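Note that the chains are named A, B, C and D in the order they appear, and that numbering of residues resets to 1 at the start of each chain.
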Amino acid sequence: MTDPCLPGLQAAEWLNTDRPPGPDDLRGKVVAVEAFQMLCPGCVSHGLPQAQRIAQTFRREDVAVIGLHAVFEHHAAMTPVSLAAFLHEYRIGFPVAVDQPGPAALPLTMRNWGLEGTPTLLLFDRQGRMRARHLGQVADMAVGAEIMALVMEPPA
Amino acid sequence: MTDPCLPGLQAAEWLNTDRPPGPDDLRGKVVAVEAFQMLCPGCVSHGLPQAQRIAQTFRREDVAVIGLHAVFEHHAAMTPVSLAAFLHEYRIGFPVAVDQPGPAALPLTMRNWGLEGTPTLLLFDRQGRMRARHLGQVADMAVGAEIMALVMEPPA
Amino acid sequence: MTDPCLPGLQAAEWLNTDRPPGPDDLRGKVVAVEAFQMLCPGCVSHGLPQAQRIAQTFRREDVAVIGLHAVFEHHAAMTPVSLAAFLHEYRIGFPVAVDQPGPAALPLTMRNWGLEGTPTLLLFDRQGRMRARHLGQVADMAVGAEIMALVMEPPA
Amino acid sequence: MTDPCLPGLQAAEWLNTDRPPGPDDLRGKVVAVEAFQMLCPGCVSHGLPQAQRIAQTFRREDVAVIGLHAVFEHHAAMTPVSLAAFLHEYRIGFPVAVDQPGPAALPLTMRNWGLEGTPTLLLFDRQGRMRARHLGQVADMAVGAEIMALVMEPPA
């Protein structure tokens, strides 16, 4: 079953939060999802720090930031136990969903959302529709502009 | 006499353009003005590269970028001749106004706009009203968001 | 039993090499040891890239570079399985010793060498004597100078 | 007439010093000369900061650092008046020689030393012989090693 607020999201478990983010947390907000792997160098140097800057730049009432640990390689090396230590050491404070393993290497949310690798930054509008999916590096200024455009869209 | 599109701007001359940007170039657009001095280290390492990224990130129909060479110290060291070589070497392509020298060290636009140093990034909305004035370093993501918010404002 | 070439080194196992570096590999060379943990942000951003630059800058006949995975926290999160994936993803090619776990949190080589954290860069001279032990960030230029000073020391 | 300590150096004037560095300042030392132009972006971002790190890393008794303002283009834009303001704003403290203009665009020291552009880092050994001439970017670790190798050379 996928998430009611973020259709397609299938989390095996959540870290950095007592309970999965629900409608009270997400409904009506722009949501930025950072899909990453803890041993992916580009995620560590670029994707995750950028997600932290998104959380610092925008108001919580407007934008929610969520991590998705989307492991599609080295599965035994990136278990939830390792991930928890990683999040602690890198001071990552936003909720992180562990993508549900699937029958093949690719976990289910990655498959549902058509992700081709990590890091990928996904943006969902206030109606929960996926509006952007950036694989690799995107410049901060473009990300800031893109998110603000979604924040300022008139309500449906 | 100050500029009809950017009230308060007093240019002694313009570089990187055949004629001063006029209503056809600026009216109805958001305008980002980077006030700098060519020998100010923070302008060279931060302010001017950020202004170049603004010009690359936003559409020309929405956002105009202009430099203001606002010399308030070492006047003899930063003449228009030196400035022209500087703009060439640093590949700065947007129009640059040389701020009109005044009776004191501070040039006239700096005084009119209440600028306290360089670099300063100023943002004007589509109606030509000054909406932001950032002295020193501002993060790219915040600048991208702030400009997009002005771009998306409903017309007056 | 500690290492014959690097007194005090106690490796539980080695990665990135078929056999532990022995006298043929180390004797008479300056040895740079980078003590790190795979989930230590300063090791990933500073210590390990610097160790890679040491390996690229100096001749193999003069300087050997070795990693020491010295885990003193989050032990369950940084197992050899995770370490192997980490080394692969970060393209780290030099031999890495896994520090021998001890009765307490601190592994044995860390204790033997008096290490207080990670990253620590240790330098051993051509006679195998520890000559420097830098905790945290050291500038590349100083490291280059310090290693060359050991390389150029007249033989005992 | 070229310099007695640095054969080939022809200075029109010196900045950041009361008198030209003479035998008392240079004899028996390794000398690092940073040839630069104040409006050369690579000099500002790379060459000059590296020269400052050389001055901070090595002992004054061992290594002297000297700048050479070697203007071969935009001559009117990079006069000594502009250079003085530049050195002040960028907090460059080592002595800087203004390369003697010649009959053509290339100043005399550049011609004498066979320089092909800026930034160029030149290294002279304790006997005043040129031992290295690096055009463009050189890594800090390599520079640190190279200078230390000259510092440690046995006296002639």
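In the analysis below, a contact is a pair of C-beta atoms (placed from the backbone, for glycine too) under 8 Å apart; a residue touches a chain by one contact, two chains touch by 3 or more.
Chain by chain, the UniProt names read as follows: A, B, C, D = TlpA family protein disulfide reductase.
The shown structure was predicted, so the numbers you read here are calculated from the model rather than taken from an experiment.
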Chains touching both subunit A and subunit C, listed by label: none
Whole-Å gap separating subunit B and subunit C, where each centre is the average of the chain's CA atoms: 50
Where subunit A and subunit B are represented by their mean Cα positions, the distance between them in whole Å: 36
Touch-based graph of the chains, sorted into line, ring, star, complete or other: ring
In contact (per the touch rule at the top): chain pairs: A-B, A-C, B-D, C-D
Contact set on subunit B toward subunit A in their complex: 50, 53-54, 57-58, 139-149, 152
Residues of subunit C defined as touching subunit A within the complex: 39-41, 44-45, 74, 76-78, 81-82, 84-86, 88-90
